[in-house]
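Heads up: the structure comes next, in structure tokens.
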Amino acid sequence: MLLSTITLSDYLILSGLLFSIGVFGVLTRKNAIAVLMGIELMLNAANINLVAFSKFIDTGLNGQIFALFSIVIAAAEVAVALAIVISIYKTTRTIDLDKEDTLKG
Amino acid sequence: MIEHYIWLIPFLPLIGAATNLLIGKKLPHAAVNIIAVGSISLSFVLSVITYVHLVSLPAEQRQFVDVVYPWIGLGSFQVNLSFLVDPLSTVMILIVSGVGSVIHLYSVGYMHGDKRYSRYFGFLNLFAFAMLLLVLSNSILLMFVGWEGVGLCSYLLIGFWFEKIENARAGMKAFVVNRIGDFGFIVGFLLLFTAIGMKTGTWSLDYGAIKSSINIVPTAILTIVGIMLFVGATGKSAQIPLYIWLPDAMAGPTPVSALIHAATMVTAGVYMVARMNFLYVLAPDALRLIAIVGALTAFFAATIGLVQNDIKKVLAYSTVSQLGYMFIGVGVGAFGAGIFHLMTHAFFKALLFLGSGSVIHAMSGEQDIRKMGGLAKKLPITTATFLIGTLAITGVPGFAGFFSKDDILYSAYISPYGGKFIWLLGLMGALLTAFYMTRLVILTFFGKPRMDHHTAEHVHESPKTMTIPLIILAVLSAVGGYLGMPGAFGVHNVFAQFLEPVFASGFKLPEGSLSLEWILMGISVLAAFSGIGVAYYFYAVNMELPAKTAESFKTAYTWLLNKYYVDEFYLKYVVGGVMKLKDLLSLFDSGIIDGAVNGTAKLGKKLSDFDGAFDRIVVDGAVNAVGDGVVSAGGVLRKLQTGLVQNYLIFAIVGIALLLSFVLL
Amino acid sequence: MMHRDLIRSLVLITPEIVAALTASVALIGAMLMKRSRGNEAFYIGIIGMIGALAATVILYERLTLDTAFYGMIAVDPFSLFFRIIAYTSILYVLLMSFNSRELKDTDGKWEFVAILSGFGIGMSMMASSLNLLMIYLSIELLSVMSYLLVSYTKGVRRSKEAGLKYIIYGSIASGFMLYGMSILYGISHSLNLREIALTFINSNYPPVTVYVATLFILAGFGFKIAMVPMHMWAPDVYEGAPTPITALLAVASKAAGFAVLLRFFYTAYISSVSMTQYYAQVSPIKWLTVIAIISAFTMTIGNIVAIPQNNIKRLLAYSSIAHAGYMLIGVSIISKAAIGSILLYLAVYFFMNLGAFVVVMVVDNNLNSEDINSYSGLSQVAPGLSAAMAVFLFSLTGIPPFAGFIGKVVIFLSAIDKGLYWLVIIAVLNTVVSLYYYARVIKKMYLETAPADIQPIKVGMLPALIIISLLIPTILFGIWWAPLQSFAHFSSFMY
Amino acid sequence: MSVNSYTVQAVFFYIFAALIVGSALLVVLLRNIVRSAFALFFTLFGVAGIYILLGADFVGVTQVLIYIGGVLILIVFGVMLTHNVYSVDIFNKLGTLVMGTVSAIVTFTMIYYAIKPVSWLYIGYKANAPTTGPIGRELMTSYLLPFELASVLLVLAMIGAAYLIRSEVKVKKAAGNGGPPGERPADGIRKEN
Amino acid sequence: MLSNYLLSWIVFTPMIGFVLVLLMPRDKVAWIRWTAAVFTFIPMILSFYLYAIMNPSDGGFQFIEKYSWISAFNIQYYLGIDGISAPMVILTGLLGFLSVFASWNINKAHKAYFALYLLLVTAMFGVFMSLDFFLFYIFWELMLFPMYFLIGIWGGPRREYAAIKFFLYTLAGSVLMLVVILAFYFNSTDPSTGRHTFDIVTLMNQANQGPFIKEFWIRLAMYIALFIGFAIKVPVFPFHTWLPDAHVEAPTAISVILAGVLLKMGAYGLMRISFPLLPDMARYTAIGLAILGLINIVYGALVAMAQTDFKKMIAYSSVSHMGFVILGLSSMTFIGFNGALMQMFNHGIITGMLFLLVGVIYDRAHHRDLNGFGGLATYMPIYAGITSLAFMGSLGLPGLSGFIGEILVFLGSFKVYPVIVIISATGVIFTAAYFLWAYQRVFLGAANEKYKGIAEINGRELFTLIPLVLIALFFGVYPVPFFNLVGPSLSKLLMMVGH
């Protein structure tokens, strides 16, 4: 039957896919906030991994706790990232990453 | 008693030289004279005492060594400052100090009024020291020290009046050519030293040590050593091919030419060959070579002498030629005859040079014989002594030259190493010598005066200090010959007999018949007189004949006048070649090596424009040269840093992927 | 959990507690003092840091070798060494900030001190954590704090641009690290490093998985120490950030990176029982060769790209990348002596690099330029300053009699002992290349004449004191470096 | 557990998986930033569902609360603040697009080859018991230090973010550093390349 | 008391001077100069005293000072001298002291100049005395950065280029040496303690060298790496291009030190480290060394002939003279070694004199173009006299010390490489040619009015020259004391090299 039981590797492949899409999003979008979204996708992928491992191979709940902390930290990161993006926007009216190349060489 | 004071002989002139050079400027001329002449005469006196002491000893023990102090002490290899006194060196020190004192006395008059008076005498004394050291030394290395020392003094004295750049250039030429000779000499004694050392384990350059172990060295090596030492001799004693410096050496003051370039220094080569007779005897091919070169030089130099117009140049070529004779003498194995001719030549050649000196002195510097003539009346003593000298050199019987030259020609004829060809060359040389000497005498002293009016008034006889030496030398030139009268005259040869123990290394000249000796003597006398006659006819009787003959043999005359263009050849090829080579190497050094060595990092180019230009080039990213090495690699990698964070991330991910693939595969 | 156990753990993290107190006092200060422009905040910060340092030294003297909080962190000489480096570098940054022209006119001085204390806590936790979660958490704490610090001068455009680049690069790097950790957790079903080592011993997993997990984690650590594939952020951020913060990044966060790298690899990938002086590897992968390759690339790229630089901070950024490369040589030699040599190098690197940045700050304060050309003729105008800079630069090149040479020699010693000749040859050639750009600065200072209009440089009392306090160890440890050697050797004991 | 509960789980898994992957692609590919922010909502919701499926109920709820409630709202605010109508988000240069896809594919292959060969040590069936209690106990005992540390991180992050955003207070003293406050005079010198 | 810390006193007295000079106010130029003079005079006198109380018959190391410096790596502060290093120490002391007077007319930043100068002197003493590889390397590198500044700041027009080139060349060489030192360290076992050691003396006996470096290829690679490090210093043919630039641009006093002492470190390194530690390799590569020596002699002489800059000519002449040293060393014979060491000592004295003389003329005419002078002998007779003596000594005229060195090298190496010696003997001709040609262009010829009122050599310059002239003459006439001093150690070295 097509709908056989869901094994750990299915979850892992799902998180792998999500991770790669996140990477693609980060590398191709020009808008800074779009990049932040990409980062969120990557972190979520990692969390799926953690929770999946916690269910299938770990007696304790370490994986889930790790995921919890990761969510918290992600929140803090987004806050700081947005603060920086907006403060740039206030002075230069653009958050296009291609314009941010004065420091180079 | 004298054995322990031998070192005083060379040492005295050294002290004289030191005082004159250091404080001579402040001393009055008189004091300088006393120091200079005094020191050389004192060493002459000591030499005489040594001679007397030596003669008092029985013939076999006439040899002793005076060791002063250890010069180089390297364990097994010891070189001491030690002097060997034996008949040969005694004769030499007598000649050197004797003729030297006479010339020192003469120089007092000649150099009168020169602004570097004390320096001149300092150098002259220094020369005497070096020459005495050369002849008295007991090891080849010490002889080499004297050898270079005299080379130095000849450089300093030739270029004494260095205001005129030609004199300086002549001095340098002399030193460099000598140096080329010394190169040969060094190689020679290096080979000898190593050959003996390897064979016998005794590492020494003393004559005694060498003589004792010479016979186990293979003759092939000995021949090479002989030849290389002779190369050194050609450099010092101006034989073909290294004679070119002697004619230019005439740029120095005349007493210098007399002492160094006639009597003593140039004879060093002959002395060396004589001293190394025990080696040369075992290397017959070397001897044969010496004889041939000697003969060629004798004839060749005489031909050039024919047409020279400068009084000193004529005498210079005559010296080269006479040295040729000495080398014939030693070359054919008649070492005694060679040394005897060396002595007689020292007397009459010094006399001739000093005579020409007083002529030049009188003519206030004029040296061209074509502008002279008719000086006999004004310079009676000079003319008389000059005449005696000429008679001696041309080999007129009764005078010194005749006996010594004849002895050489005779031995050349009968010796196994000589042969008819060498004798013939010697004979022709004698004829030409007679010709050019007579030409010189006639053109200088007789005939109508050809100098301009102004110099004519000033012609005057030289002062007493100059004429006395002339007279002394004239007497010696006349009487000197009788010392070594050849056996033909029934009386045993005092000189040869005195030197015999030194050359007693088992080589005997075959006994030629008495009649042969007489015949040869007759032929040589004939040659001398015919030379004089023809010259007399050319220049006294039929004045314009020389011009006509010069006209008819145009090319021959110009070739002779320009000394066979030998100097030009040397300048163009030897000196020119070296100059081109040095420029090539210098270019190579600064261009290629410098560039190549730091070319890898292109530091050179980058370093050279190390200032703003460098930054400008790199800052605007124009990496100009391909393969600019490390510095340009920096520029290229730097451009990867585009400023876009997304590019950085791509680089990171690709980097990790590459690492993974590298590790896994 | 028995409260006696809790107290013991709390005692073991007293320095962090002191730092947290400082942060809270700073926050209170922020509220009360209403954005004042005065420097009171820095005094509080300095007192706090000195307190933390004192606590650390006391712990160090008590020779503790223990874990705390259920094995979350290890408090051993190794971690205490890094805590000392952490709090000292923050202390120096605070001292520098007194005179930093960039930070003078910000109104957030109190927040600055708070964030710095947070940075300190993050760094010491990084050095001591034995748990993957703790490692991730402390790295995140450190990173977020440094994102804030880098873009602290909000008036300056390039500082915000640097901050943006830094946070984007950092988040993605930590994303990769988290993913790597999750896989490692999957394999070894435990977050504790020691247990991970046991799983490696007991079970063997396909090398591919272990490689991918390790490389992803290495990406995270690599970002912190700016090693080659993960180094491209460093030049821009070092140039953009205010100079004291650049110094902090170059010295403190790099040291923390090495701490967590060493802790992670020497606990998880190596069996604790080691017969020979070399530890036995347990993991199925040849991670040593990976580190060696990275070290070679890091050194070479760091040195080569530094040559054409014109901005002094950018040049020092590449130079610090190169120095990361030299230290990585030590990491690729798994022996106790190797750890000692890295710690020694870190200490020496701390003095000379920090000193160089202080001088850069002083010059920037006076000439308002970070361009190397503006250094020409500095020796005539500020002889003392340029002499100090020359000493720091020569020491960075590794010329005796300065401490930099000793650092390099000690690392080369252990490398040659292990037979890594090819790596040492590369390092040695890099030293010669590095001379090129360091000497260029010295050349500018000494061999060129100052432009006519250069006004005299006033160094100020505090920066002078700071420079001297860094100059003395750089020279002293070049000559008599036995104490430093024993300190580093002793600190190499790991739980 | 009857056969159908497995199948029900499988069905839900595929629904959520499709939801996640679909909306993730939308987030990344939509040109308009606002629509992609909205797509992100669905992704996060899907992930929460997955957590519930895996029996991590507390984590699922946290995900919804913090991620969707907090982070997503923040992002939407960010978008609104910086989204000026006339700057259409034109497409990226072809070069970065290509490199982006290549890197994504490379990353996926790395992950895929890491996961595929591993034979995971399953611990057998673990019932989906409520996890809030145990997590709370774990947080207060073995994970106490990370808990405290996370709190320090959050506080300081908020303080820092607030500092970065607030506008400079007008400098009362005649500091005389004219021009826009904080903005240094044209730092021409800095722009050297 | 003094005698058992003598070596440390010699090495570190200049350091005391260094500190004093730094403390002095900037404008007290006279004080600074005289402190520098005093603090180089003391080590010179101590080195003479050292020679006096040294017992020459024992070839081993004397005045040993051995204290543990960094016990962690078994690095010792180990000083000692023997017959080979004693002359070098005396030479350093002498030239170090005299060059202070040659730098009397340094015009800018006197304090920095003399401070760096004293540091340089310490480094040089250190190199010749240290017997611990690590200490040797520290002193070897310590000499680098003072030289960089001394050339870089007080040098001629292209000083920056010359300074950085000197620094890079020497650093590249010494960095190679560092790798070899570390390799030796790890493959050595100190018999007494069983630990690794940097101690050159223990490394000298092959028993203490570990297994790893017994393989032929490794030993050859190490020997060549060491050789390159020393060859750059000597300098040997392909690595010599830094010398002319460094000499031309360096101020007079520094050229004297550079030529007089620094060049000897390369050769000293060969004798102290390469030969005893890797004797089999030394023997194996001796022929190569001889050929390089030959190239140095002939190539150096010819290129010197092509120079128009006085100092550059002398620089290339140094390349040529050091070629003799290399030839002597390659001969592996007792006479050859003595010749090489003698030549090192003479070259220091004579080339030191030459550079001082160039300094005299440069201070007056402010240019060094050989063709630019002419006829100076009439205006400056004393100067011309001393220069002619220096030239004669340099071209190897008997009676002066130069000759002894050269002739012994020839005598020693002829047995081993007859052809090479014969070709390098031609060098004697070229040397004579370029020196006399230079002498003629500068001094002889018509009096040149451009230099009408040029001042004769003054007292201070004479004071620096006279001692050197006397030593050159003394060792030319009576070199036995030198050979007694050097002989036993050289025979010990010879035994080590196994001939």
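Read from first to last, the chains carry the letters A, B, C, D and E; within each, the first residue is number 1.
Assume a residue touches a chain if its C-beta (ideal position, glycine included) is under 8 Å from a C-beta of that chain, and two chains touch if they have at least 3 such contacts.
Note that the structure is predicted; figures quoted are calculated from it, not measured.
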Sort the chain pairs by how many C-beta pairs are in contact and tell me the top one.
A-D
With centres defined as CA means, the chain nearest the overall centre is E
Label of the chain whose CA centroid is most distant from the centroid of subunit B
D
Per the centroid of Cα atoms for each chain, what is the distance between subunit C and subunit E, given in Å?
44
Please tell me the distance, in whole Å, between the geometric centres of subunit A and subunit D computed from their C-alpha atoms.
5
Distance-wise, how many Å sit between the C-alpha centres of subunit B and subunit E, to the nearest whole number?
36
If you average the Cα atoms of subunit A and of subunit C to get two centres, how far apart are those centres in Å?
27
Mark out which residues of subunit E touch at least two other chains, giving numbers and ranges.
160, 164, 168
Per-residue multi-chain contacts in subunit A, two or more chains
12, 19, 22-23, 26-28, 35-36, 57-59, 65, 69, 73, 76-77, 80, 84-85, 87, 91, 97, 100, 102-105
Shared interface positions of subunit B, touching two or more other chains:
603, 610-611, 619, 638, 641, 643, 645-647, 649-650, 653-654, 656, 660
Would you mind giving me the full set of chain pairs in touch?
A-B, A-C, A-D, B-C, B-D, B-E, C-D, C-E
What residues of subunit A sit close enough to touch subunit C in their complex?
12, 19, 22-23, 26, 32, 35-36, 39, 42-43, 45-46, 49-50, 53, 57-59, 62-63, 65-66, 69-70, 73, 76-77, 80-81, 84-85, 87-88, 91-92, 97, 100, 102-105
Which stretch or stretches of subunit D touch subunit C in the complex?
110-111, 113-115, 117-118, 120-121, 123, 141-146, 149-150, 152-153, 155-157, 159-161, 163-164, 168-169, 171, 173, 175, 177, 180-184, 187, 189-190, 192-193
Subunit B residues touching subunit E in their complex are 69-75, 77, 141, 144-145, 148-149, 152, 155, 159, 162-165, 168-169, 172, 175-176, 179-180, 182-183, 186-187, 190-191, 193-194, 197-198, 203, 578-579, 581-583, 585-586, 589-590, 593-594, 597-598, 603, 607-608, 610-611
Can you check the complex and tell me which residues of subunit E touch subunit B?
160-161, 164-165, 168, 238-241, 299, 302-303, 305-307, 334-335, 338, 375, 377-378, 392, 397-399, 403-404, 407-408, 410-411, 414-415, 418, 421-422, 425-426, 428-430, 432-433, 436-437, 440, 443-447, 477-480, 483-484, 487, 491
Write out the stretch or stretches of subunit B touching subunit A in their complex.
638-639, 641-646, 649-650, 653
